[in-house]
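In the two complexes below, subunit A is the common chain; its partner is subunit B in one and subunit C in the other.
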Partner chain A sequence: MTLETGIFYGLGGLLLILSLLVVTTRNLFRGALALSTALGVMAGLFVLLGGDFLAAGQLLIYVGGVMVLILFVVMFVQTPALFRAPQTNRRWIPALVLGAGVAAVFIHIFYTVPMPEETLAPAAPTSAALGKLLLGDMAVPFEVVSLILLAALVGALVFGLEREL
Partner chain B sequence: MAEVGIILRQGVDFARQWLVGMGATPFQALVASKVFETTVTISVILAIPLFLVYAERKISAFMQARLGPMHTGPWGLLQTPADTLKLFFKEDIVPQGADPLIHLMAVVLAAAPVFVCFAPVPFGRGFPLINLDTGILFVFAVSGISTLGILAAGWGSANKFSMLGGIRGAAQMVSYEIPRALSVVPVVLFYSSLNLQTIACAQMVRWHGWMPKWFIFYPGIGQIAFILFLIASVAETNRIPFDIPEAESELVSGYHTEYSGMKFAFFFLAEYVYVFLSSALAATLFLGGGDGAAFLPSWVWFTLKTGAVIFLFLWFRWTFPRLRVDRLMQFCWQFLLPLALVNIVLAAAWITWKTA
Partner chain C sequence: MTLAHVLILSALLFAIGVYGVLARRSLIAILMSVELMFNAANLNFVAFNHFLHPDNLWGHGIVLLVITVAAAEAVVGLALVIAIYRNTQNLNAEDLHLLHD
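Coming up: the complex of A and B.
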């Protein structure tokens, strides 16, 4: 087993445990902390795949930005009653069956479809190539995505206004 | 004096070859040398707050025409080690009703990212631990994790003052992160690299053969970017005049009210190391890194420049009164952010004009 394989299985196991913790814990704040750690571990997996810019972006946007906002929301909504509330609703049996079915399909594909045996390419800097792509060939999709974000921002402002426009 | 960075680099290379000669594979030797380098760096970083706390006490004292600590050791030199020793032996108190896990994790989340941030910082010739291509972005990304720690400290203390402090701290740090990152964009545009080592090396040339081509000397753009970065860094490190999250007169001590002993010490350690990190970044990005006259080695020049920026941090503390919480946000979103965007446009126009 090489070092990369070891790190991959270590990070993967950690990610699974943390993700399970996010959905099972009754303490919302602890769940949010587990989620932020899981997102950080994901950045580690990105690094392993050679996406250094993507990993830094993941940490900057998700762990440093989005998770802080989620924690703000958790502070507003966490009440002692939540610790006694049921964690499942009436449809948990169909959901379980559906989930097991999807898992079975995935496992079947994993064992029957031949996987290409490829080793990881040596990690190379990606930010220069990404920058050229985003502001060159992919400039229009990039701008359209930012337009969607702008629309979301204006929408949040309209919903957040206390008086009518 | 010698170039410590290059000597260390040669020493590590020699040790690696010796390990390979002893029968280790090159890969094992590489891992061992990286572990060694990381340990040395973290040990040095842990010592920084000792000096900064002493400097802060003495400089504050001189600014107020006092003497500062004088009794423990010569000129009070041993005051900070004595305080550290005291903090080691203090009882660790977790408030009743607080979540003990979050109370502990807050310290870890606030203090641990500090040490990772130093990996790509070039302290001088031959120094950066990793020649990271995403350098400056990596530092901003990792230092952003500390915000979670401050928020968790506010929540995990089961105290209203701590909670208010934590929320204020998180809001302030998330907001000021934006002008801070945007103020660096002109630097990245000019040197077309995120790599801190590349940026520092690109400034080692001269204008007309004598004027150092540091980024701060670019007319207009350089000064605006530096001032924006400095203001946002002071706000990021929660120091006066931006110490709204701690604000002794309103919130007791903000998010670290309920912490004692070494947990409390770690919050302070993180704050002081962030001050050092911000100053080191300012020295690298705007003041030419290890560039300077040849009679001193590059790491001494780097330390001198970092020390000068740290002095600015201390100077601010005794010059400006604390901002009100709404004024703080207004200042960030209505003044710093537009100015940073205008500066980026100016820098882009300059580059287009130069290359056209």
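Coming up: the complex of A and C.
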């Protein structure tokens, strides 16, 4: 077992444990903390798969931005009575069966569909090539995303205003 | 570490996200489970890029787009959560049937 595989198993196991914690814990604040750690672990997996710029973006946007927002909202709305109540609804057993079924179908597909030959490039910094790609071939999606961000900004302002719906 | 390892990890992560979306009661927990599913998809994009097409970076570019759209989704979703909480003092998904009765 190479060092790379060992790190992958470590990060992967940690990721699965943390995400199970996210969907099972009663205290939403703990769940949000587990989720932010899981997103950080995911950045480690990106580094392992050669995505250095992606890992930085994941840490900056997800762990630094989205998770702080989620933690704020959890602190706004959570009362002590809320996190002592059961956090799953009555149909959690069908949900569990469906989740296991989704995993089984995906793994079955991955094992039966023939994959092309794996070719590995040496690890190299990706940010320069990624910048050229984003402003070259991917220019249209790049601009559309800026529109989506503008719409989200306006939408968040509209919904967040202090008035009755 | 081969492609199959990463794909199985992301399948398990996605399944955990599906379970969270279906079984959790709180709207915030549902949003967090959706984030888990986004990340499972991102892991697949990066893995396919790394193992099958190492000569270009389209997988990385698409992951950047997904991260941005997920951030926008989280912002709008949390604004909605705050608006719902302010009006009903309740965030249980099963109690929100305003249009139902």
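Some points to look at:
Assume the second predicted complex is superposed on the first by the 147 of 165 C-alpha atoms of A that agree within 3 Å, B and C clash if a C-alpha of one lies under 4 Å from a C-alpha of the other, contacts with A are read in each partner's own complex, and residues count from 1 in each chain.
The definition used in the following text is that contacts are C-beta pairs under 8 Å (C-beta built on N, C-alpha and C of every residue); 3 or more make two chains touch, one makes a residue touch a chain.
What you see is a predicted model; the values in this text were computed from it and never measured.
Legend: residue contacts after superposition of the two complexes on their common chain; A:65 is shown touching both subunit B and subunit C.
When the two complexes are overlaid on their common chain A, residue A:135 makes contact with neither subunit B nor subunit C.
In the superposed model, A:31 lies in contact with subunit C only, and not with subunit B. In the superposition on chain A, A:77 makes contact with subunit C only, not with subunit B.
Residue by residue along subunit A, subunit B and subunit C are tallied for touches, and C comes out ahead.
When the two complexes are overlaid on their common chain A, residue A:4 makes contact with subunit C while staying clear of subunit B. Applying the stated contact rule after C-alpha superposition, one finds that A:125 touches subunit B and leaves subunit C untouched.
Applying the stated contact rule after C-alpha superposition, one finds that A:40 touches subunit B and leaves subunit C untouched. In the overlay built on the shared chain, the residue A:57 is in contact with subunit B and with subunit C. In the three-chain superposition model, subunit A touches both subunit B and subunit C at residues 53, 57, 65, 126.
Against subunit C, in their complex, subunit A makes its touches with residues 2, 4-5, 8, 12, 15-16, 19-20, 22-23, 28, 31-32, 35, 38-39, 42, 45-46, 48-51, 53-54, 57-58, 61-62, 65-66, 69-70, 73-74, 76-77, 82, 86-89, 91-92, 94-96, 98-100, 102-103, 106-107, 110-111, 115-116, 118-121, 126, 129-130, 133-134, 137-138, 141-142, 145, 148-149, 151-153, 155-160, 162, 164-165.
By the touch criterion given at the top, residues 1-9, 11-20, 22-26, 28-29, 31-33, 35-36, 39, 42-43, 46-47, 49-52, 54-58, 60-61, 63-65, 67-76, 78-83, 85-87, 91, 93-94 of subunit C touch subunit A in their complex. On subunit B, the positions that touch subunit A within their shared complex are 27, 31, 99, 101-102, 105, 109, 132-134, 137-138, 140-142, 144-145, 147-148, 151-152, 155-156, 163, 167, 170, 174, 177, 194.
Residue ranges on subunit A touching subunit B, taken from their complex, read 3, 27, 29-30, 33, 36, 40, 52-53, 56-57, 59-60, 63-65, 67-68, 71-72, 75, 125-128.
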